[in-house]
Every structure is written in structure tokens, then in C-alpha cells.
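Order of writing sets the labels: A, B, C and D. Residues in every chain begin at 1.
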Amino acid sequence: MIIVLKPGTTTEQIDHIVERLAEMGLRHELSKGVKRTLIGVIGDEDVVRNAPLRAIPGVEEVVPILKPYKLASREFQPDDTSVDVGYGVCVGAGSLGIIAGPCAIESEDVLLEIAKSVKAAGANILRGGAFKPRTSPYSFQGLGEEGLKILKRVGTELQMPVVTEVMDPRQVELVERYTDIFQIGARNMQNFNLLSEVGQTKRAVLLKRGMSATVKDLLMSAEYVLSGGNKRVILCERGIKSFDPSTRNLLDLSMVPNVKQDCHLPIIIDPSHATGRPELIPSMALASIAAGADGVHIEVHCRPEEAMSDGQQALLPEQFADVMSRIQQMASLFDKQIPKPERTSE
Amino acid sequence: MIIVLKPGTTTEQIDHIVERLAEMGLRHELSKGVKRTLIGVIGDEDVVRNAPLRAIPGVEEVVPILKPYKLASREFQPDDTSVDVGYGVCVGAGSLGIIAGPCAIESEDVLLEIAKSVKAAGANILRGGAFKPRTSPYSFQGLGEEGLKILKRVGTELQMPVVTEVMDPRQVELVERYTDIFQIGARNMQNFNLLSEVGQTKRAVLLKRGMSATVKDLLMSAEYVLSGGNKRVILCERGIKSFDPSTRNLLDLSMVPNVKQDCHLPIIIDPSHATGRPELIPSMALASIAAGADGVHIEVHCRPEEAMSDGQQALLPEQFADVMSRIQQMASLFDKQIPKPERTSE
Amino acid sequence: MIIVLKPGTTTEQIDHIVERLAEMGLRHELSKGVKRTLIGVIGDEDVVRNAPLRAIPGVEEVVPILKPYKLASREFQPDDTSVDVGYGVCVGAGSLGIIAGPCAIESEDVLLEIAKSVKAAGANILRGGAFKPRTSPYSFQGLGEEGLKILKRVGTELQMPVVTEVMDPRQVELVERYTDIFQIGARNMQNFNLLSEVGQTKRAVLLKRGMSATVKDLLMSAEYVLSGGNKRVILCERGIKSFDPSTRNLLDLSMVPNVKQDCHLPIIIDPSHATGRPELIPSMALASIAAGADGVHIEVHCRPEEAMSDGQQALLPEQFADVMSRIQQMASLFDKQIPKPERTSE
Amino acid sequence: MIIVLKPGTTTEQIDHIVERLAEMGLRHELSKGVKRTLIGVIGDEDVVRNAPLRAIPGVEEVVPILKPYKLASREFQPDDTSVDVGYGVCVGAGSLGIIAGPCAIESEDVLLEIAKSVKAAGANILRGGAFKPRTSPYSFQGLGEEGLKILKRVGTELQMPVVTEVMDPRQVELVERYTDIFQIGARNMQNFNLLSEVGQTKRAVLLKRGMSATVKDLLMSAEYVLSGGNKRVILCERGIKSFDPSTRNLLDLSMVPNVKQDCHLPIIIDPSHATGRPELIPSMALASIAAGADGVHIEVHCRPEEAMSDGQQALLPEQFADVMSRIQQMASLFDKQIPKPERTSE
């Protein structure tokens, strides 16, 4: 950490700053430049990170040097993490997670029909929402526990790991009973109590990036889960806010290599929410694999116009099958495998 | 709601759409233009809002006409809402709420010292965080219930209503015992379960705008609280995400008249979080009143460099007193009053 | 175009609007809904697009239905455009343009060295800046005409088409003498006089997307060039402004399929400017081809640390060669060809 | 400037960096921390600003310490600049510039009618566009020189300084003959050749902030004009791009005190373009003065629905008069004067 002093800072002010640093057990180096004096802080940067040094008279700016996340960083763990999500499916370190299914769980029949089709096409994780975060209190809010039971039954029947969203710390125990992977939605990426709660479970966590979260913010949220003891975190980019209304959100694919520079966790891309337009999903799914992503997350519905949530962005099963066959070609080219779920459950 | 059809849509496709509308109990009007055919949907727009009409083949676009919020809208309630927050203090409809205090509650002594100074300067609501949403799991997370108790004691001693953040549905009951106003932080603006929970209490709710929330999104979140039965919602703008790193967030002051066009709820501005820079806070506080806001929310600390959270953006008590004297002049010019807290508690 | 009326609009106001429409030669259809009355405007939407209908009392909103661009749209030309840029190189409709070279032209020796290496690796268009748009007036502004001469000589020697930026309508004639393709930089995307000027030449135009331009804005700028008579426009995405400082700009890859839905022009991706980080460029270049782009634009320098502009984002020749070999694999997979420049110049 | 080295940087790499600095005539200080080694660069920061130090192997990051603008900064000139724009009207240092008029000059009659009304209400600068930057090539592009002549005649008749946009370096000489102030529009804020050209004239320059320009970007563009020798620069905020479609742009009022911290130039706010909604303009104009702005820029038209450009955002003369009377109250409260134009022209 470097402290930049304002021009004209007095010796008393500098002494005061240095004293404060010493109180925190930190050494310093003073460097007088032509226009500015700098104080380099030597020692554990975490100690000073939250100290409001900029509030001290004479301080112009405080420049952090180190990244604020640890367990998520490659400095802590250099090798790619592979997350085992059950039924022999791993995500990361060369294995692609292909998550597919409807936005919301509507009934066992519909879910089973969709699940069979996506499994046949090559998906290895089934998704479906039982608790739905809806911007309107008047919209369908999901089937709740009944939906979780359906999801579990269909997952068991097809021998496929399942993922579903948890929105409330009070639901964590309930959802844990039925799901293989917790999904933390974009709107809850900084719901820190929820993060801490799933950090104390043993289920994998699919952590979606918030709509205005920087890559650093996302990794700090992953840090919440990791620091709770749960190492099975899968990141997910699903588009961020942008000024262009022609897509629902703005897919930030560069975050894949960007995250991978500093972080060992797997990353999955959700082109369904990122674009909101079925006709853009296939290209973006392929681009995701080319960018180095560890999988994709695609919403599929057999009758989109009857879907109870987000039908307008769902692919039809045949469209999904078509994308999957091209994803498989890409996987070969990039030396990635797409694990098939196996009978030997977790 | 208007459905725009793609060029070349067949009669069968149009019939199918019309049938779907009839199933939902809606009438329609078909309008053939030179380049596009439109279907005007007549009836309760809420019925169709969540129907994925865009997923129907032949549909190019679906254009909603009505606003999705009701209870928050001026069509529902034309007159400005005044929210009574206790001790005779009202916010809205001509009365300004002046919320001041430290970011986090650190100890009874410190809080009392700050509270006395801000009350003397003219603040009428005391703030202080007991549960702190921190981007890092390694940062100070607040004193929890002990903090709430301190806040309550100081509020009672000074006869001032208090506001504190609630982050978790499980804390609502606890926080309700100690606070006059629940604060829902920006990161929880779309924590719908939390919104529903405070919607079932009788405490006022200070609902902060999310970092990438549109005005419509904010009003939809207010709708969650209102539809739960709690009519005492105060909106709060605290800055949104922007590409310019020179301020912590970007203060969107135009949202004040923007919201007031469509919505009857009071709005308060938080220039402390919006700018993150003490030297910008006074001008922005004055501009807020000029823009028509129903109050301001300013962080104050007697020793910012020792604050346990966000000290770098706190004003000193004397700086706050200076702003307050200018806010009082502005209030006169704009015919607003700043209610003084009275002994007659709620 | 649909005009939405405010609740309570009077018959006189409606008559006045209808009269205005009739004066413009437009028919209308009135549709009274439960909460709002709409006026559907029938006729040439361009006539009304610029009429300030929203300024008429009683009008709540004006909703356009048609896209404002014509020559750029697939409704005007359904098939993909292929732009011939000289030396037998075409871009679009199945052919990839691979643009490579240094940010700025520094000397003939350096440019020749770089050009040889990128040509050997498979690039088919050479780039180099002679007029540099620099945010600081104190930075190196380019070699000007001397740079153009060097670029032309190197292009001719290696039999490669060249592209260089033009920043000023006064330079168009000069630059035209030396270049095969005009580059319009992001900062000039809405320099309408410059667009009109290159629209009157016969050279191809590489039109870069502005940092806060929507897809629609970009296509409207293309329309300026096309409507001047120059049909040889290549679009280029180079990243947009975002709130995340970890990359220089934010690459919007979804704009590739997004643009291709509505527009027949080829699109090239510039991952160098979009990311500003050499380590992210290879993945983003591959993802671009997977997304359906018609080429990439990559900055290459043989000694980045000595480059006179943007050296920190340049790839080394060997890094570029490595990306190229993987781009070639991707091209095969996606049935695209990478034309080799031929001796038969334009 | 501080150079942060990657962990594991070799002595050879450090020596190489130090050598490069020495070649540029700079001294350095090496500081070995617990996790990172830093090199503090001592000497003229401008020398290194454009050197691609980040391209050198071993360098993780380069952190600039000083601001890149000079002439625009308060370190260069501590006191507020007052810009004399003719007819005795000054802007800045306590004097407010009130710019009003139609978006486009349409005819002498209409301009005169509007000009008389805004002058009577207290405006001291008349605006009107003769060259209009329009996103569509099919929209009205302005009257050109004929418009300039009308503007000049009306300004002379009413004894009011006038401002009009210049879009093209080739028009600078022409426009200079007729105007008192050049307007550089938002889309041309980084049209560096145009900035250099007006930097060589003696007319005041109203420099509008680009739609995605940071405060630093704006000041760098001002630096282009100042470094050309023209010291009469007035900055103008007119809203930036945002994700919320409910206003045309997003007004960033905090940029007023933000700029004033570092820069001595006057700043004017344009709530017309910033909001695009007449009903929001009055509050935002008042908030601008409260924020410390040196004036406002408001579009006024006597018959908005007949305006040839941007009529939907124009105030009526009586609405403008109403705002002006309240601006005058604000000016008194903030000890600002609104100079009346006088017969003694420049």
C-alpha cells in the first residue's frame, strides 16, 4: 500500500501518519519526489486495508497494491480447481459443466420432458428454479418446496446432478436437502449472510456475478463462501448492466481469461440471461468455450410460449441439441471433456 | 401492451396469437401498417406482463405501455406521502428528514458524542450500522445486537428516531425491537424475501437504490414492501455504478424529479455514499434540496481516521453543522420545514 | 410509430394530434384501451421520426416501431456483404480479415519487420497509425504524411492491403492517396462530417464503434457512409466503457450476432483495444471467430517496450503467430477462409 | 509514478527496468515489501507517462501519481478563471452564464421571438445551432452559414453574446466570423484536431463533456484548447450514458465540485440534454446552481411541437421565465451575480 501525500504536507502530519502505521505494527519507507511525497507501507496489507488512512489530514490518496482476496487467488492455489458436483460430473480443470433446463420448475411432467431432452443432447447438470427472484411481487414466485421435490425426483430418475437457486438464508437447510448445487443469483451476489450460510454447507455453489459487480467484487463474494470452509465454488457470468437496450444484459466474455489470470475457480457462462435473445445464444455459447470457459448455462423449454418465467429467452430442445453438437466439436478442439453423469452418485 | 409482428407473419401465426390472448381474457385490435402489423392488447396488462408472448413465432417485439408498479404510483395515490418515523418527525410532503450519524456503531460513548453533535446541528434522525454489509469477509462486520442496544439507548436518551440496516430476513424481528426505521441497503434492494419481510412490519423502511437499479426497478422493490401492507416507505438515492473512478459512485440527482413524476413516496439523498469524498458532500447536499429531495443522509464521525468503517467519507461534526445551516436556508427558500424530534415518542 | 396518450387527454388534444399527422401525410388508427388511448401512425415512419410529437400536450410517450437505418439493414439487403479491400482480400460473407500491425508507424525498418512477421503468420491486412488521436496534447501524435508514405511503401513491397486512421475531413484526400482502407476511430464514430467525407470516396471504411455507442448508433453512423454512396463499410467492435477498471474497455462480443440479425455488413473484433491486456487477447480473438465475426484486429510490435504508442497492449510476433495458428483451426471449424493477399492489386 | 513488480521478478529484469528509467533521465527508489517489490520513479512524470513500462517483463502494474493535465489544473492556476464572452458578460468566478435559445436556428423571425423572451427573462447568452450533429443522415442538418448570419444579426440587435456549435475544423474560420463562443459538442469532445483548431482562435470555447468521458478525459480535452493558447474555456456537463432509459442521459451534478477541486475553469450545466424531459429541467437547473455551477444552458422554443430539432425537450418561454426567477433567488443565496449584457460589445 502506498500513501500519496498532498503538496505542502507538514512534518507533523507525516509524523502522525507514521505513528498510526507503527501502532498497526507496520513499517514504512518515505520517498520524496519532485512533486509528491510518498509513504510505502511494508507489512500485512490487510491490517491497513480497512483503516481510513485517507481521512488523515495531509493524505491525498491511498493506493492499494495487493489484491484483497486470498483463498480465491492463484497466489494461494496455483492450479485450476475442479469441482465435483455429483454423479461423477466435475467442472473445471479440463471438464465442462453443461447446465440446462427450464427457468422455473412448473410440473414434474414438463421438467422430466425437458430434462430427458437436454440429457440426451449432452447436458450434464439439470437446472430448474423453485424459488424465483422476480422484480414484481405480482409475478409467479416459484413452486417452493414442491418444486424442489420435483427437481430431486427428476434428477434421481435421470441420474443427473441438479442446481437450483437459494435466495434466503432461512431456505439453505431446506434447499440443501434436495439439490446438488446451490445457485446464488446475480441479485444476491452481495447478500453476504446468504454467502456465509452456503459457505458452511458441503454443496457446490454456483455463484452468479451481480449486474454491476467488477471481477474483483465477484471474487470477494467467492471469498465469503471459501472462507466459510466450502471450497466448491463455480463462478458464473450472466451479463452486466449496460446502456444498450438491444440485449437484456451485456455479456462480458473477457472476464473468463481475466478471472483465470488471478483465480483458480471454474467459470461458467450463461448466455441465456446475458443476452435474453434466443437467436444470440448459440454463438455466445460457442464463443464462451473458445474464451476458455468451463461450461455454459442455457435455459431450455419444450414450449417456451407457455413457460411461467423467462420463456422468451428459452431455446427449444432441438435448438439446444444443435448447439450441443457444435459445443462438442469446440470441446475437442480445446482439449476439454464433457463428463457424462454416472450412476455412482455422491 | 402492443405486439409488433415480424414482416411476413402468416395468418395462422396471427390467429394463434389472438387465440392465446383470448385464453387470457383479453381483447385485441389488429392494425396493419405499411411495414409492420401490430396487435394492440386491450384489458388488464398485468395478465400479459409475464406471459412470454415474445416466444411465440411471428412476434418481433412486445411493447408494454403501462408502468408495472401500482401502489407506488401516482395513479394509485396522487398526493405526496408523508412518513411518520417517530418522535413527531415526518418525512415527505414538505418535511425534510435529516439523517446523520456514523457508518458503524462502535461504542456508546462515540455514538452519543456524534449523536449530540448532529442533533444540535439540526439532524432529526440518527443513523448507525450494527450489521454491516462488507465486501470483504475479513472486514469489521458490526457489533450486531449489542450495537442495536446502544443505538436504541442513545436514541431514547436524545429523543431521536433511529435508523439501522437490516440485511437478513432472520434479523427482522430482532432489529424491529430496537429501531424506528429499517434501512434496506443498496446491495439488498432486490433481496425480495427481505423486502417481503419488512413489508409485514409496522416500521418505516428506508429503501436504498441498488447500484445498477433503474428508477423502475427501485419502484418495483418499493412495491414489494407496499404490497406486504407496509405503506411507510422512504426511497433513498445513494449513487449508482459509473465508469468514472473519481467518485465512489455516481449521484443521480435527476431521479428526484423523475421519481416524483410517477410516485408519491418521499426520497432522500445520501451524498456520503454517492460521492465517497467529504469535500463534495456539502454541495451535493444543497443540490439535493434544490432538486426537491425530502431530506439527506450524511455520515458524520468525530474522529474519521479512527472510524471502523468508511471513515474516509465522514464529515466532522463542525463540517456537518456548517452544511446544516445552509440546508436550513435552502429549506426556507423551498418552503420545506425540518421537523424537530419531540418528547412524544411513537 | 405509436403515440401513447396521457390519461385524461381531451378530444381537442386528440384532434390536434390527428391534424398534425394528416399535415404530414400520415394516416392513423385510434385505439382506446382500459387505461390508455393509443394512436397508431400509418405511413412513412421517417416523416414522423424527427417531428417532436412528444412536445404536443396530451402525449405521454412516442414508441417507434421501425429501425431508423435503411441501407445498413437486412430489409434493404438480405445477403451478407463482402468488402473487397485490395490485393484479392475480401472481408465478410465467409472470408476473414486479419488486420495486424503496430499501433503507430514509427519508422520504415520497424514497420517492415513487423509487417513481414504478421504476413508470414497469416495476417492479410497491415495496420499502422500515421495520425494518432491521443488524449493528451503532450503525447506523440504520429508521423503524419511521412508515416503514410512508409505504410504505402511497406504495403506495396509486401503486396498487402493497408489500413490507417483518418481523423479530420481535411486529411481525407491525403490519406486516400496512400491507404486501401480508411479507419474511423472510436472517438470519431459520430464525427458526422468525417463520415460524410469518406462516404464520398471509393476506399473501404473500417468503422470502429464509439465507446458509448449502442448497436443502433453504430449502424446509424454506417448509414452516413453508405448514404454518401460508399458501400464498402466494415464494422469494428473495440470495447465499450464499463465500470470495471480491470480491462481497458469492455469487449461486447454479443454485438456480432446482434448486428448480424439486422445488418449485412461485415464485423471485425479488436481485442487489443477492447482488453488492453496482451494476456487476454488470444482467448478473445478465438472467441470472436466462434461468435461469428468476420475477422480480428490485433496490435503487434517486435519490441513493445519501445513502442511509441500503446506498447503495453501489443503482442510479440511469436505470440501473434501462435494465435494465428489457432485462428486457422477455428476458421476451418466454422467454414471460413482467410484469403491470402495476391500480387494482382486493385 | 510507481512500478509494481510481479512476484519472482529477477535481478536482471529489475536492472533492465532501472536502466530504461536512467535512459529517460529519471532517478528511482527500490522498495522491497513482504509480497511485492516497488520501484518509485523520481523526476518528470510526463517523460514516463507514455513509455510503455507495463510492456517490460516483470512489471505487474504501473501506478501514476500525478494528474496528466497542467494548464487546466489548480496547481498551475489556483484562482477561478472568469471568461469574458462579450457584451460585458463574464462566466465564472462569481458570475453566472445563462445560455438559452432554440436547439436549431430555423428562421430569423423565430429566433428573434425566442431571443427576446429569454433575454427579458434574464438569460445573458443566446444559443442556436447552424450546424447540427444528427445521428441520422436523413435528419435536418441545420441552416449552415445562413443560420450563422441570422444568429449574428439577432445577437447584435439584442446586444447579446451568442454561442453556436462548430463540428468541423474546416468551419472554424467561418463560424468565428459570426459567433462569440464556439460550442464543441459532446460527440466532438475528443475530436482533437477540432480542439487544436479552436485553441488557436481568440473566441471563448464551451466544451461539452462526452457521453462516456471521465472528468479527467474532459480536462485533458480542455488542455488541448488551453495548450493551443486559448485560455477562454468554459466546461459544460450535459449528461452521460447510463443504463436507465427513463432520462435521455444521466446528469452528473457531482462533477461540479469534483472539477472545481482540481481545475480553475468555469462549468455550466445543460439540464436540457442531460434529462431530455422538460418537466425535470427546472429542478435540475436549480440544483446546478446549488451545486456550485457557473451557469446553465437551457433550450427554449416558443412552439416546441414545430421545432426542427429536439423540440420535445424545449421549455416554453413562460416556463423558462419561471425557472429564471427562481435561479435569481438561488444566485442571491449563493452570492453569485447574473451579468446583464451591455451595449459595449467586445
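Assume a contact is a pair of C-beta atoms (placed from the backbone, for glycine too) under 8 Å apart; a residue touches a chain by one contact, two chains touch by 3 or more.
In this text the structure is predicted, and so the values were computed from the model without any measurement.
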| task | Note down the smallest number of touching-chain steps it takes to go from chain B to chain D. | result | 1
| Result of counting contacting C-beta pairs for A-D and C-D, higher pair | C-D
| note | Distance between the CA centroids of chain A and chain D (whole Å) is 40
| note | Chain centres from averaged Cα atoms put chain C and chain D apart, in whole Å, by 27
| Which chain A residues sit where two or more other chains touch them? | 212, 240-243, 245
| message | Which residues of chain B touch chain C once you look at their complex with the stated criterion? | response | 2, 4, 7, 29, 31, 33-36, 38, 40-45, 61, 63, 65-66, 75, 241-243, 245
| task | Flag every residue of chain B that touches chain D in the complex, lowest number first. | result | 212, 214-216, 240, 242-247, 250-254, 256-258, 261, 271, 274-275, 277, 279-280, 283-284, 286-292, 329-330, 333
| task | Sort out for me which residues of chain D touch chain C in the complex. | result | 20, 46, 49-50, 52-56, 68, 133-140, 167-170, 187-188, 190-193, 196, 210-212, 217, 220-221, 223-224, 227-228, 240-241, 304-312, 314
